[in-house]
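Going by the order they are written in, the chains are A, B, C, D, E, F, G and H; count residues from 1 in each one.
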Amino acid sequence: MRLIVNGKLRELDEDDHGAIPLPEMLKRFEIDPRLVAVAINGDVIPKHDFAAARVHEGDAVEIVRMVGGGA
Amino acid sequence: MRLIVNGKLRELDEDDHGAIPLPEMLKRFEIDPRLVAVAINGDVIPKHDFAAARVHEGDAVEIVRMVGGGA
Amino acid sequence: MRLIVNGKLRELDEDDHGAIPLPEMLKRFEIDPRLVAVAINGDVIPKHDFAAARVHEGDAVEIVRMVGGGA
Amino acid sequence: MRLIVNGKLRELDEDDHGAIPLPEMLKRFEIDPRLVAVAINGDVIPKHDFAAARVHEGDAVEIVRMVGGGA
Amino acid sequence: MSDLLTVAGKEFSSRLFLGTGKYASPEQTVAAIEASGTQLVTVAIRRLDLDNPNARTELDYIDWSRHSVLPNTAGCKTVDEALLTARLGRSVTGSTWVKLEVIPDPKYLLPDPIGTLRAAEQLLSEGFVVLPYIHADPVLAKHLEEAGCATVMPLGSAIGSGQGILTLHEIKIIIENANVPVVVDAGIGAPSDAALAMEIGADAVLINTAVAKAQDPVLMAGAMKKAVEAGREAYLAGRIAAKPFASASSPVEGVAVIAKSGA
Amino acid sequence: MSDLLTVAGKEFSSRLFLGTGKYASPEQTVAAIEASGTQLVTVAIRRLDLDNPNARTELDYIDWSRHSVLPNTAGCKTVDEALLTARLGRSVTGSTWVKLEVIPDPKYLLPDPIGTLRAAEQLLSEGFVVLPYIHADPVLAKHLEEAGCATVMPLGSAIGSGQGILTLHEIKIIIENANVPVVVDAGIGAPSDAALAMEIGADAVLINTAVAKAQDPVLMAGAMKKAVEAGREAYLAGRIAAKPFASASSPVEGVAVIAKSGA
Amino acid sequence: MSDLLTVAGKEFSSRLFLGTGKYASPEQTVAAIEASGTQLVTVAIRRLDLDNPNARTELDYIDWSRHSVLPNTAGCKTVDEALLTARLGRSVTGSTWVKLEVIPDPKYLLPDPIGTLRAAEQLLSEGFVVLPYIHADPVLAKHLEEAGCATVMPLGSAIGSGQGILTLHEIKIIIENANVPVVVDAGIGAPSDAALAMEIGADAVLINTAVAKAQDPVLMAGAMKKAVEAGREAYLAGRIAAKPFASASSPVEGVAVIAKSGA
Amino acid sequence: MSDLLTVAGKEFSSRLFLGTGKYASPEQTVAAIEASGTQLVTVAIRRLDLDNPNARTELDYIDWSRHSVLPNTAGCKTVDEALLTARLGRSVTGSTWVKLEVIPDPKYLLPDPIGTLRAAEQLLSEGFVVLPYIHADPVLAKHLEEAGCATVMPLGSAIGSGQGILTLHEIKIIIENANVPVVVDAGIGAPSDAALAMEIGADAVLINTAVAKAQDPVLMAGAMKKAVEAGREAYLAGRIAAKPFASASSPVEGVAVIAKSGA
């Protein structure tokens, strides 16, 4: 499955439903879900919906964290 | 006929159609049409439409001129 | 004996030598010598010379203290 | 005869009195007297005294003109 | 030197726009306009006094063949008031130009950035030539330029306050970014303020109170004319950069020194 | 309007004094002097080049029948150097006027208050008309006035720095107290600076670098002329006071309002 | 003295908000935060580096039990970008607070008044506590307050420029009119700037670059803490009014005079 | 951090010198001195009231074991008056230190550069430690330093005027050139002024009116203490340079973007 993650094309093996659960995707990237926020195709996924969320072929995914910054 | 002209109630004799042509109204107030602009119920009447314009019972009429001013 | 003390004429009984010791003069004004400085005819009298100093007829005496002030 | 003129050592043939009239000195330098002021050993020579003024061995002579300047 | 200002296709040799309010008399108004050399004068639009409909005003004394008129929307607190006054102004003056002011605040007379942009967009769609009065906000200025305004008119300080160009820094940025003429409006109190505005590259200034309320308005009008020209010429002439140190303007070498005879 | 400046009995219709240093060419010097309208030009006194004693300088191109000359003591670090240069200047120019400068510091070219007063007292005793260049120190200015100086010439900022009138506050006090003309000297970088100096009541300004080193000195000279006149006229015309609040320049009453038919 | 700042119901004893960008090291960041005494620190929201997803940042070193977090939308040029970043920030920080920045211009980083108001209205409808970064435009500030923003955060000068409070006059007007806390954001370069902002009645200041890029950020953080407290206390203590004249601070009468013997 | 100021061999950990005039009560004087943390307080020398020779003054309430005394010559218009008052001050206080003021002008209380130097030279020859109050004239400051004065004390603006540091530019030059401590005296109106003076490198500030006439002098004294420390620490910490442009304090890269499904 091809995804655009943080602006870059990524290839991931999809499950038999042609999708990947969000927690699974984060796991494959070795990302700690507690430290990030995720938007799929521009929609921010609430933390409590992570478990139910899935990514599909061609989805644009943004995974962010907080960093030092002022203005 | 009662009009609100520049915020004040004015009584004018109407013609048999229950209206007054704008030029007639201006004439009664001794106003030189060339020096003023007129809005009836919030709509500005173009100069070339003065002749055809009429005021009716209860109309709100604004008659303005230019005065010294900067900002 | 007439003196000008801080700009005002003062009458004091002189001793038999036509003069008054400075400590005596300060005593008569009930002034604590430790709190003041004294100039006689424009010359400042050092504290250690108070005992030996004398005022004479017509002397101009300045007696000052410190007060609150900045500039 | 040696002179210090504007800070530089200059050799000039002296007359038989061991001196040189100022106008003569200026002439030798091809200087128009009307355009300059002269000081000999720190003393400014008034224009009307140029004719009578003489320079002697070892004199320090300043010859100046006006130039563009503001401050 | 030919150095014309072009606003919406109209050329001006004078870069001083003058308001016509607050003068002591019509004669004074006219004399000040003459002394200022202005070619564009602003006017306000107000209700006719029905009890005295033919009273003459200072404006009846102006030679309109030599001065263009710029009706304003002064006094309008809302977008709707400004739209109505702009349309009335166009009708009475016959000019499509409007000095757009949307000013909710009576104490500092500061313009509303949101309302001004909205009103500008509407008036532009109706064919007006819009010259908006704005706070010296470079991003707002860019929005108005992109909307199609003929100029931007940032304030130097509060209208009529005479505090000068308190917004110098922001106005420099507006000028740096602008593709339309920048007219410094409001706050100018003295010729030095007008000259400064022009020196930093403003295309024109608009002045009213500083002239009208001077002790001698006509003399001040002439002074402002010279100041605007001086500032513009300085901008074209290229001023020296300010330096933290001194730089002698007389030769450093060749000072005469005192020396006594070496004899 | 007749508004003459009188210095030591000599009348000037131009209140702009111009320096003659730092120009690119003699032609430029002359053209700038013409454009400025100045009637008093400063010159420096320097050693003649004995190897080229008849070289012409920019000054040979000036029409001295129309401009008074003001020799200066620029470059003098001590009282003695200033006295010698002043006397040489009097001899070479034939003028008893001297712009007195005693400047020990080469970096900021700031004048020595002690040395300047001492030199002024000596030169006055020798019959000179002394125009001292000073820091904007009101008490020093009063000392020099009382000594008999023809003017006081406080600095706006460092010579040639173009930083403008950093000493505005002190110069206002000097003007308030002075019984001789106050000439703002040094620091003026642009016409707005010159206008400001005149607006606060200075009697004249002296400019050199801001004109000579502008990209177009002749155009800048004309700009400075207009600015000095504008500032002087504004001073005479009586500027408005700066106010913390706004003051509308259009009538507050009578704005048209939107009302729908009451029918 | 109990003098708490309340923003959206949350109380702060420190009136210094600190940014966390541009420090040389995480240790320095933490030390500066400690020295500043701040209780509210801003953070940015950025893409995770997928090639290094568990890299620690300075923020991992902060004791979040003692400092509230304020995610910002820095870097967002449009309303949509700001909305997405705000929502992501809420998700990752768990805070509903957002320092709203809509900044189209990269050179001066000046905020967009139109876009900022639009984004604020949307975020407020989604339950955010919005602290908008704005130009010092009093009318815009009032719009944002009326929309329901928790504060207004006018700029003193360009972000990171260290030019100080160039907008002093406008900020005074904003403070005079505001019913929400006014936080001076951007431009503070030194403690004197921070003190000045507080003296005129600002409720707090936000600082980042002036601390992070000082040669000794930790020492500067402590200096800023003292300056903010000094300015606040001065505001409460009631400073003297500035007067154009002097006023002796020692008694005028009673100076000793020289007098010789009258004998 | 050990950062001591040394004046004439005496060390001070506090860089705030405080005047003792104009307070509402002795209690307030003492409380303000305590709150300020000052170690050097100025006093004036005045004639004793012979009709009430033992009246206590605020000074009787000060713990002189913890504060050094600096008698001044305030009120002296001439050199002779200043010499007499200095000598009387030394006799009554037992201190050889003197804050030298020679002030002929009552309206602006500006010091006399000529008289101050003359008086300083005489007092130095008599063994005084002289701290002269001067106009911010760098050349005069250098004269006084070379004469042997322990400090120079340039004014920020007129005594008691609270106008702040109007002479910032000149004071920077004085500091750049000085080999003795520079104490900014007079004009400070608020903590931001005190901080600014310290930030540019002043060694100390002297304040009286801004504290004594504040609505709450004790609170203001504490604010001034913090401001002086903040300014000093900022000077040591190395402030950022002011830049004309912005500089983002959040990362420029990595902002999240909106993208719809490519499916």
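Keep in mind that, in the parts below, a contact is a pair of C-beta atoms (placed from the backbone, for glycine too) under 8 Å apart; a residue touches a chain by one contact, two chains touch by 3 or more.
It should be emphasised that the depicted structure is a prediction, and the values quoted were computed from it without experimental measurement.
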Neighbouring chains common to subunit B and subunit F, by label: E
Most distant chain from subunit E, judged by the mean position of its C-alpha atoms: C
Chain pair with the higher count of C-beta pairs in contact (E-F, B-E): E-F
Chain pair repeating A-H, as identified from A-G, B-F or B-E when over half of the contact pairs by residue number coincide: B-F
Cα-centroid distance, subunit F relative to subunit H, in whole angstrom: 34
Chain centre separation (subunit E, subunit H; CA means) in Å: 44
Distance from subunit F to subunit A - Cα centre to Cα centre, in angstrom: 71
For subunit E, residues contacting two or more additional chains: 19, 21-22, 44-47, 72, 74, 84-85, 88, 108-110, 159-160, 163, 208-209, 212, 248-251, 254, 256-258
Where subunit B touches two or more other chains at once, by residue number: 7, 39, 42, 62, 64, 67-71
Contact footprint of subunit F on subunit D as seen in their complex: 5-8, 10, 29-32, 35-39, 42, 44-47, 62-71
Parts of subunit G lying in touch with subunit C, wherever the complex brings them together: 248-251, 254, 256-263
Partner subunit H, residues of subunit A touching it in the complex: 4, 7, 39, 41-42, 56-60, 62, 64, 67-71
Contact footprint of subunit B on subunit E as seen in their complex: 18-23, 29, 42-48, 50, 53-54, 57-59, 69, 71-72, 74, 84-85, 87-93, 99, 101, 109, 133, 159-160, 185-186, 206-209, 212
Residues of subunit E defined as touching subunit F within the complex: 1, 19, 21-22, 44-47, 72, 74-76, 80-81, 84-85, 88, 107-110, 158-164, 189-193, 195-196, 199, 208-210, 212-217, 219-220, 222-227, 229-231, 233-234, 236-258
